[in-house]
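What follows is a pair of complexes built around subunit A, which joins subunit B in one and subunit C in the other.
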Partner chain A sequence: MAMNIVVCVKQIPDPADPGELDPNTKTLKRDVKLILDEADSYGVEMALQLVDAAGGGEVTLVSMAPDDEVGGIRTALAMGAAKAVLVSDEALVGSDALGTAKVLAKAIERAGDADLVITATESSDGYTGTVPEQVAELLGLPSITFAKSIEVDGNTIKVKRQTEAGYDDVEAPTPAVISVTAGVVEPRYPSFKGIMAAKSKPVDEVTVADLGLDADAVGWAGARQEIVEIATAETREAGTIIEDEGEGYAQIVDFLADLKVI
Partner chain B sequence: MSAERIPGEIDPEDVLNLDGLLSDEELLGRDTVRRFVADKVLPEVADWFDDGRFPLEMAREFGDLGLLGMHLQGYGCAGTSATQYGLACLELEAGDSGVRSFVSVQGSLAMFPIWAFGSEEQKQTWLPGMAAGELIGCFGLTEPDSGSDPGSMRTTARREASGDWIIDGAKMWITNGSVADVAVVWAKTDPDGPDEGKVRGFVIPTDTPGFTAPIIHRKVSLRASVTSELVLESVRLPADAALPDVVGMRGPLSCLNEARFGIAFGAVGAGRACYEAARDYALERIQFDQPIAGFQLTQRKLVEMMIKVQRANLVALHLGRLKDQGDLATPQISFAKKDNVRNALEVAREARSVLGANGITTEYPVIRHMNNLESVYTYEGTNEIHTLILGQAITGISAFS
Partner chain C sequence: MESQDDLHEALREGVAAVCSQFDDAYWRDLDERHEFPWKFYEAMAEGGWMGVAMPTEYGGGGLGITEASIVLEEVAASGAAMNGCSALHLSMFGMNPLVKHGSEALREAYVPRIVDGSLHVAFGVTEPDAGTDTTKITTRATRVGDTYVVRGSKVWMTKASLCEKVLLLVRTTPIDEVVRRTDGLTLLFADLQRPEVNIRAIPKVGRNAVVSCEVTFDDLEVPVDHRVGEEGQGFKYLLDGLNPERILVAAEALGIGRASIRKAVDYANERVVYGSPIGSNQGIAFPLAEAYARLHAATLVVREAGARYDDGLSCGEQANMAKYLAADAAFAAADQAMQTFGGFGYALEYDVSRYWREARLMKIAPVPQEMILNYLAEHVLGLPRSY
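Take a look at the complex of A and B:
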């Protein structure tokens, strides 16, 4: 049975270059070259594996980004995704998470009938971790979060959902929106064959109007959240150095117990 | 990659912003190989070097990434631009010259002649498996008594009445020889035969009786690479084992041009790795109560290294653009091979001094690169031979003999 999967991929400023906040808008400056959010590379990999396992179908990317940015999309196309929908529009500047979700939901519909929508649990730059659930709500689809693994059995999706203690087995009917935890698969490298093939893969570049959305519903105009203040995070304190005099392990165990991680 | 960009100022690792000369696609390919090297090569390569081995599992990984024969078209090859191939060589050699050598030999020296001069059947038989890294190739030109002057080779190819070829001789310093599934070997034909004593290329499966390939030991350079002797004792090959579409020294020399192109980029990578290691070290190492990077003498070293690396990078990129336009002349390749490798070697030696005693161990990458570059300086045309090629090009007078 062929599987068609939409993967939401956020294109973000390279975390290796320290980002800058715009003091006026209190948001991250995005006028630099954007790359594929590493958090989304796991979703792309999972989707490619699911399509392979199904023996047919394709992976479609959906992204909302300024300035017709395709840097990150090209990477995911080179990994093996078939095509992309890119939403880029001046009117989107200032969109909060809900505004983003409205746009993504429409773009997912535009991408065609999907058996599955995959996102990351949270992005690496905004990390509100709220977009996936909002998208699910807007599309009227079930939402499963924190997926460690996804298996498709006919019209049922079986997910191992990460919990603090381990994982829960969760099921939902297709189609559904699933957010994937970072680090659960090893994303493939975009191969040179993939890079060459990506050149001719279609990217459907659309505006807010193309999606049938009202410009007032998105961007600064539609934002229901307001960023009141931004402040520099406190610099991290230096770590504790434990001198091992035969008892070091015990101190580490106590330390971890204090943190409630063991 | 380790140091951070100072906002609004120059990037210490790309002072001239040469990345700005690359397309998004070239950057994606470049960054992918850089990440691959960081993930799969750098954590292991000091051990490979210390143990004097090259892990063959890497061949499949290179194949999956599409690095093998990557700028050739068809037969499972990616078909990228020459510049993209050069950039891949640069990043691979920032890992280790031996790793880059593997990819150069496979793509430029073994696959290229089959692709350019082979029969359709030879191409179908070998190229897809070689592109995937399932089959390994080597290139046999150099002999114990014939190095810089390959025209003096003694390996012979005698044609029997049946049409079979009989190859006799020995090849020396052959990268991947002992691990190869197929050897492209160059040999002299019978002076009285139809090829009038000219050199021809032969595609030899290495399990052919009479073919052996002992490993050369005791190297202190390019240790993460297999170097071998090829012994050819009455190796009998069918008529169709010869590469049909080239006769004479043009065959091997055109392969060398391909590989030298990659080396001109690769040397930039080795130099860059040494410069970055020296800069990182100089910023951390405190003597006389301050980082040694604060001493004028050290700064001069770092700056000279940086300039050499950037300039070599610019030369390599220019070479790539010429090749992609179809305008690249042999003396231009000599320019870049000679100058970039020499510069990289100087950078490595200077970097070695910045690391003090730490500079002599393989805990740091510098002396590994430095030793490797001695091989790179010699193979694919020594520094002297490229000087003579350029000398002839600018004077019109050959000084080879």
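Take a look at the complex of A and C:
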């Protein structure tokens, strides 16, 4: 049975060179080159594996990003996704999480009938961890979070949902929105052939109007959240360095015992 | 993604992603243990990177020297330097004469296996008494019925002990029986792992993860159908590949230069002596800035040469200059990295000495700097040939 999966992929400034915050809007400046959020590479990998296992179907990417940015989409297409919907529009500047979710929900509908929508649990730059549930609500679909593995059995999705103690077995009917935990699969590296093939894969570039959304519902106009203040995190105090002169282990044991962790 | 630049950027990222699994510690360790980088080789083969410039009908990507040079530059720049490049180079381009002039049967039998990495191949031209002066080779192939019987010895044959096959230059007509010295040379695609072949590793200064060998052929039989192209035309086939070869080697040098500057800059920012980072001394900063500028200039010539070759334009002048300038800039960068590291540069642990030893190679092989200057003096400037 063929599986069609939509994966939401956020394109973010390279965390190794993240750029800066805009002091006025208190949001991250995104005029740098954007790359595929590593958090989403797990979702892409999982989706590719599920399509493989199903023996047919395809993976479609959905992304909202400024300036028609395709840097990150291209990486995911090179990994093996078939096509993408990219939403890019001046009107989107200032979108909060709900604004983003509205756009993604419409774009997912535009991508066609999906058996499954996959997102990351949280993005690496914004990490509110709220977009996936909002997307599910807007689409009227079940939402399963913190998936560490996904299995499809007919019209049922079986998920191992990570918890502090272990995992829960959770099921939902298709279609559903599932957010996956980072690190649960090994994302493939794009191969040379994958990169070449990505050149000719279709990217459907759309605006807010194309999605039938009101410009007032998104961007600064639609934002109901406000970033009140940003401050640098306190620098952590330097830890204790134990020089090992044969007795190092004993000092470490004492130290941990003091903390009552052992 | 329409533009060339986007494709090149994507290729760079793709190669860098594979190479990111193989850090300096990996290469340092293999270099010290003189062990071939199997895992790296397999990862590159699996990603399809070996076939970038090979024809599509044999499973390759059908791209040009520009793209192949980008792949090798990125491999070198990752810190893999020549240990990484030499592991791939022969498969990525060394077999060009086979691809261009081999019979359809030969190509079909072997090229797909070169592309997928399952066939390791060596290249045997240099001999103890014939290096830059190739026509002086004495390894003989005598035709007996449907086979050639090969006798003689080669040196510096890279990877020989690991390879199933070698693209071997032999004399089929002795030099005193030909009109031109370049006549009578023939390329054979010969077996290496045979009792008639004796292979010995040459202890060398660096690039020790990839072995280079002295190889003797004691009446090795090679079927006539394993001859590449026509008998007596081998030298001409080799000439075809010289310019692209130079462009690739130049790109590899660029990569080593980049790795060297990156390491040196990091260290110059971190290392505090007399109360400030050593990079705050212009005596340390200026040479690095200069190395960077020279490397960039060389990069432009490498790109120019690659673009000309891929466009089917003559590129002897550019390819030779590219190799000369890139090898020079790479070694200067590596040498300055050594200086920046002070005493620690001399310790194997800091990797710059590995880059330095490998960058030095680029001024010697596959063609020494002097022979490049000879080419430019004679063929570009129109000066009399000196030898």
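Just so we're on the same page, the second predicted complex is superposed on the first by the 238 of 262 C-alpha atoms of A that agree within 3 Å, B and C clash if a C-alpha of one lies under 4 Å from a C-alpha of the other, contacts with A are read in each partner's own complex, and residues count from 1 in each chain.
Note that a residue touches a chain if its C-beta (ideal position, glycine included) is under 8 Å from a C-beta of that chain, and two chains touch if they have at least 3 such contacts.
Bear in mind that the values here come from a model prediction, so they are computed numbers and not experimental data.
Engineer: Looking at the combined model built on subunit A, do subunit B and subunit C fit side by side or clash?
Structural biologist: Taken together on subunit A, subunit C would clash with subunit B, as the superposition shows.
Engineer: Quick one: name whichever of subunit B and subunit C touches more residues of subunit A.
Structural biologist: Higher number of touched subunit A residues: B.
Engineer: Determine, under the contact definition given at the top, whether A:D17 touches first (subunit B), second (subunit C), both, or neither.
Structural biologist: Only subunit B is touched by A:D17; subunit C is not.
Engineer: Does subunit B (first) or subunit C (second) touch A:Y127, or do both, or does neither?
Structural biologist: Neither partner.
Engineer: With both complexes superposed on chain A, which partner does A:F255 reach: first (subunit B), second (subunit C), both or neither?
Structural biologist: Touch status of A:F255: no partner.
Engineer: Touch check for A:P190: first (subunit B), second (subunit C), both, or neither?
Structural biologist: Both subunit B and subunit C are touched by A:P190.
Engineer: Would you tell me the residues on subunit A in contact with subunit B in one complex that are also in contact with subunit C in the other?
Structural biologist: 70, 74-75, 78, 189-196, 199.
Engineer: What part of subunit A is in contact with subunit B in the complex they form?
Structural biologist: Of all residues in subunit A, those touching subunit B are 16-18, 20, 70-71, 74-75, 78, 189-196, 199.
Engineer: Help me check something: in the complex, which residues belonging to subunit A touch subunit C?
Structural biologist: 70, 74-75, 78, 189-196, 198-199
Engineer: What residues of subunit B sit close enough to touch subunit A in their complex?
Structural biologist: Going through subunit B, the ones touching subunit A are 1, 4-5, 7, 24-25, 28-29, 32, 35-36, 64-67, 70, 78-80, 84, 88.
Engineer: Which of the residues in subunit C end up touching subunit A in this complex?
Structural biologist: 1-2, 6-7, 10-11, 13-14, 17-18, 46-49, 51-52, 61
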